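In what follows, structures are represented as structure tokens.
Consider the two complexes below, in which chain A is the common component and chain B and chain C are the respective partners.
Presenting the complex of A and B:
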């Protein structure tokens, strides 16, 4: 009799335990759901922050540029049509952005003259020719080149390249676009090289094998098959490198000089857009004067140019990618 | 030469090992490097093409060697200029105007503060964004569109020049869109916490018109607390308790205030040293606590850290995404199959296996922040900083900026210490890179 009572009680206790467990589980489940929701919302916040950055860039640049154009000394036609950039010259201020754009493009052109061919050829070598051992040593070297701060390249341009150029030909100014361009080229070389190499590596091995099977040499395979197949990736690598060269700041601030002028002579000094911003930020101009706001107008121009290059580059890579699946 | 070269090329090419194995299996030759797989017909055109191939290969090698030579030349020219100037003074001194006494200490500490703050801010945000995009891919169309937009946006942000981020930081963090400038005075920040203001008086010893009675009275400075930065200056009265900034911090002193034009100061040296002119105009100084906070941030450490955060955020997001993508899908599926929620999968399965990859990418991103000059130059300008930052709103300078400052001066001696600074900076960055490579190497071994 007592054993039956005991058994009953044990059963009840067990049931109670099961109930509490179930209850706790349910509570846990709600907690888990809440936590999942909370974390997801937090992550969404992180994601939206990156969108906010873009919105903030556009908003800040646009609003301050509008303030710049509201100054009586500035006119739209002067900004977009003139080639005189003399914002610090007391009475004869002129804000012709083309002077800065031409300086930027001269430096970029010189840089690309070095970086694009050398980068492409090195990428072809790394991807198609190099034995694995060479590849494994060269890639870290390129990574080190890519990790060197730009101010070091600026120092290199001013202290090593410029004296060397002056030794070769005495017509070079102390500040000249040639040495800045060469340094920017060295800076962009790893970018071109690793992006182009990625594009070449993405070409399926069957295409190479097909070219070899038809009796082609490695050179034939590279030039006739692999480079055309990887062309979209290579062009996008080039565009991204150009965007990087246009936005490069410290090298041109140190080596290209601070006189804004339209020139094609690489031995003369020429100010770039980024160089002007550094000159204004590093100097002591009044915080809310016209020079201060001109910095925003230049930044807006720079942002528009680099952003369109980046967008076109990424678009080409995505849209015109040859797929072989 | 042209007979053996092509076969050599064939063997040297970087095929996957299994492919090379099948080629050997097919049995044309199993002897390896030296043998020729088949008798190539000696056609003239083929020869010309092969010669072209060899020429191109040589050109490639020369180009690749050039890139190494450039690196060697770059490092060599900087090392030869920089290593002789390395000294203890360079590491621990402040940037004095004389090159032989100038040092990097404030810049070194500035870099440490800014980059530590920057990584604290960026890592959670960047890793969170990457997890969102990679692990929480939505099913409905609108959400998918938004995700694609975020992804596209990150790719484009990575291409924005860092100097533009500097401009954004100047408006968004340094002056905070001028939102806080609405008060009448624009002398100081609108809102601040953790600052105590004092008026500083000097005693009569420095006054040449006071007769000290021949006693040698040391010059002392007394601080009288005031309400705020813009409060009216205090009029000192005898019996007020003032603070004196001594060796053991602030000590309280009982001051005597007189008008020296009408009263004769006491001739007792102790009393005289505590006597101040009640007509003199004091200097307003502030004592900032470690938690000192002001809005807008001004040119403080926090503004630099936030600006660098904008620069390296896309880099960290992209590298974290790659690390997450490298985690095999089977792991996730197994965890989901056991009943895990999406976050449990991320927290217990995906993140632990992606940690080495995330760390490698983050270290490289932080080393980029260490070397970044342009945005800091835009927001902080070139200022003369003598001491390491003490709190988040303190003025600072960073190493690349100090190097830029020295390089842009005309004197040769400054160029040499700039090279010394570059050697220190490169040593720091190379050790960062080495750690990243080490982690990657260990990770590869573990996966194998």
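Presenting the complex of A and C:
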């Protein structure tokens, strides 16, 4: 109705109307400034809150770790140099962290052996080769895969992957790092794929056109231009996946076993750092004993590893980053 | 020794490398390419009834025109008139747009460019393209120019260096970059980047250069440099340039085609188009009355 009225109105009348509107009182600038200040303080508060939580976690980890090292049974040299992790053996307790680190790294290495190549190749397919319809179907499927709770992967590893491995080769233990590693790999695969695909998609079309225009095939363009141009994003995707694999808990707690030992045999069981923490936190031992505090020392070690991974990652990303205006 | 290395590319791409004798249009008496500069036409590209669609939108309506060998042909017209679309059919760059399709004929000599069987890799090697926005790869200057030759043939390092230097000299950018060949190409100025892209294009040995508004992202000084370069390159290449800049078309082209809403309105010698256009719409456009 109002539009009909406006449509019939003479331009002069409209002009007058708008001129009066434009001379209305403006909003109160004091209030505006106050509001801006309020929003600013609120945002700083949110930022500080996340910082505070991080600091609190690190502080708790560090202080409990210090407590752990004050036990007479624990020495730094034992912790960092020994390969025996036997915190639950009454008289011959030994806290050699390498036993747990090796378990973690074996599982992570197996997982990345699957997830990184598969994730990158799938990302290249989705980004550069797949028809739009295929991509629009596959991406949501990948996201569903990423949304499955990890405990389900753990059961899948124990109940499906392990029997399959044993059917292939009878030397596999019921608990083994191969099975856990494959499951962690499947878990990380959507992460790698999705992030790498984003990185490839972010490469400007004009670079693709440049490669095609010089007589490059799709493969030439992908391998020689697009992947190098997206390298920083791809490396970020890889590092995020590695960090996730290192920190993954439920799968390894269920499928990798609970015997801490240094081994490179993927058919044997091995305990990871996270697996040990689940075991202790799950209540196998009494609170506030040496075993309890050992959990914090392991957690701190894990934190140090993932932190250094993040720092290295940021450094690499900065080094390979290309900026396009 | 070099003979042992070189034959491979020749063997892999016989259809275009063999340079089929161009079909001469009926109104031209038999002429050889060398006599081209006497003003008699010899066609590098022939189009007949070329229509093109993006989905349901018809971008080109029955275009018939010929592009003469070793001349600079300018496509002018207001935005959205189809001139870039037409240019991008010549080396099938439109293949990358999945809704784009074309009917009609587009021939280069005996090669049917639009045929499904045409090898686009070989086609694009013979028909280079320079884009509106300089698009060097995020690699070094040297690697940018070496990219194309490396794709198409096996070369020893020294041969590659020769090609890179030759291309950069041809593109009039050698003097500015010769001391920093291994510096990132993205560190060059816009005009230098565009000349690098031209060097990169001619490094694979094309016969035709397509330029899609090559100066629209550049400052006047760089534009002048590119125009002088085109003037040099016309001796060796057939150049088709799409431009919004009518001064540019009048300065550096031999032939001009004016497009409007997907149709070819008029095509003639550049001088005739700009001094004595046949069509009213052409006259309005070049005199700045619209577009």
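Everything below uses one rule, namely that the second predicted complex is superposed on the first by the 274 of 325 C-alpha atoms of A that agree within 3 Å, B and C clash if a C-alpha of one lies under 4 Å from a C-alpha of the other, contacts with A are read in each partner's own complex, and residues count from 1 in each chain.
The rule is simple: a residue touches a chain if its C-beta (ideal position, glycine included) is under 8 Å from a C-beta of that chain, and two chains touch if they have at least 3 such contacts.
Given the structure is predicted, the values throughout are model-derived calculations rather than measurements.
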item	value
Touched partner set for A:254, first chain B, second chain C, both or neither	first
Chain B versus chain C as contact partner of A:62, first or second or both or neither	neither
First, second, both or neither for A:214, with chain B first and chain C second	second
Contacts of A:204 with chain B and chain C, given as first, second, both or neither	second
More chain A residues in contact - chain B or chain C	B
Touched partner set for A:132, first chain B, second chain C, both or neither	both
Partner chain in contact with A:229 - chain B first, chain C second, else both or neither	second
Overlap of the chain B and chain C footprints on chain A, listed as residue numbers	131-132, 215, 217, 220
Chain C contact footprint on chain A (complex, rising order)	131-132, 204, 206-217, 220, 224-225, 228-229, 322-323
Of all residues in chain A, those that touch chain B in their complex	32, 35-36, 39-40, 42-51, 53-54, 56-57, 60-61, 64, 118, 121-122, 124-126, 128-132, 134-135, 138, 140-145, 147-156, 158-160, 186, 189, 193, 205, 215, 217-220, 222, 240, 243-244, 246-250, 253-254, 274, 277-278, 281-282, 284, 295-296, 299, 302-303, 306-307, 309-311, 313-314
Contacting residues of chain B [partner chain A, same complex]	6, 9, 12-15, 19, 46, 49-50, 52-53, 56-57, 59-61, 63-64, 66-68, 70-71, 73-74, 77-78, 81, 124-126, 128-129, 131-133, 136, 147, 149-150, 152-168, 170-172, 177, 310, 313-314, 317, 341-343, 364, 367-368, 370-374, 377-379, 381-382, 400, 403-404, 407-408, 415, 418-419, 422, 425-426, 429-430, 433, 437
Residues of chain C touching chain A in the complex	91, 93, 96, 98, 121-125, 128-129, 131, 133, 135-139, 147-148, 151-152, 186, 197, 200-201, 204
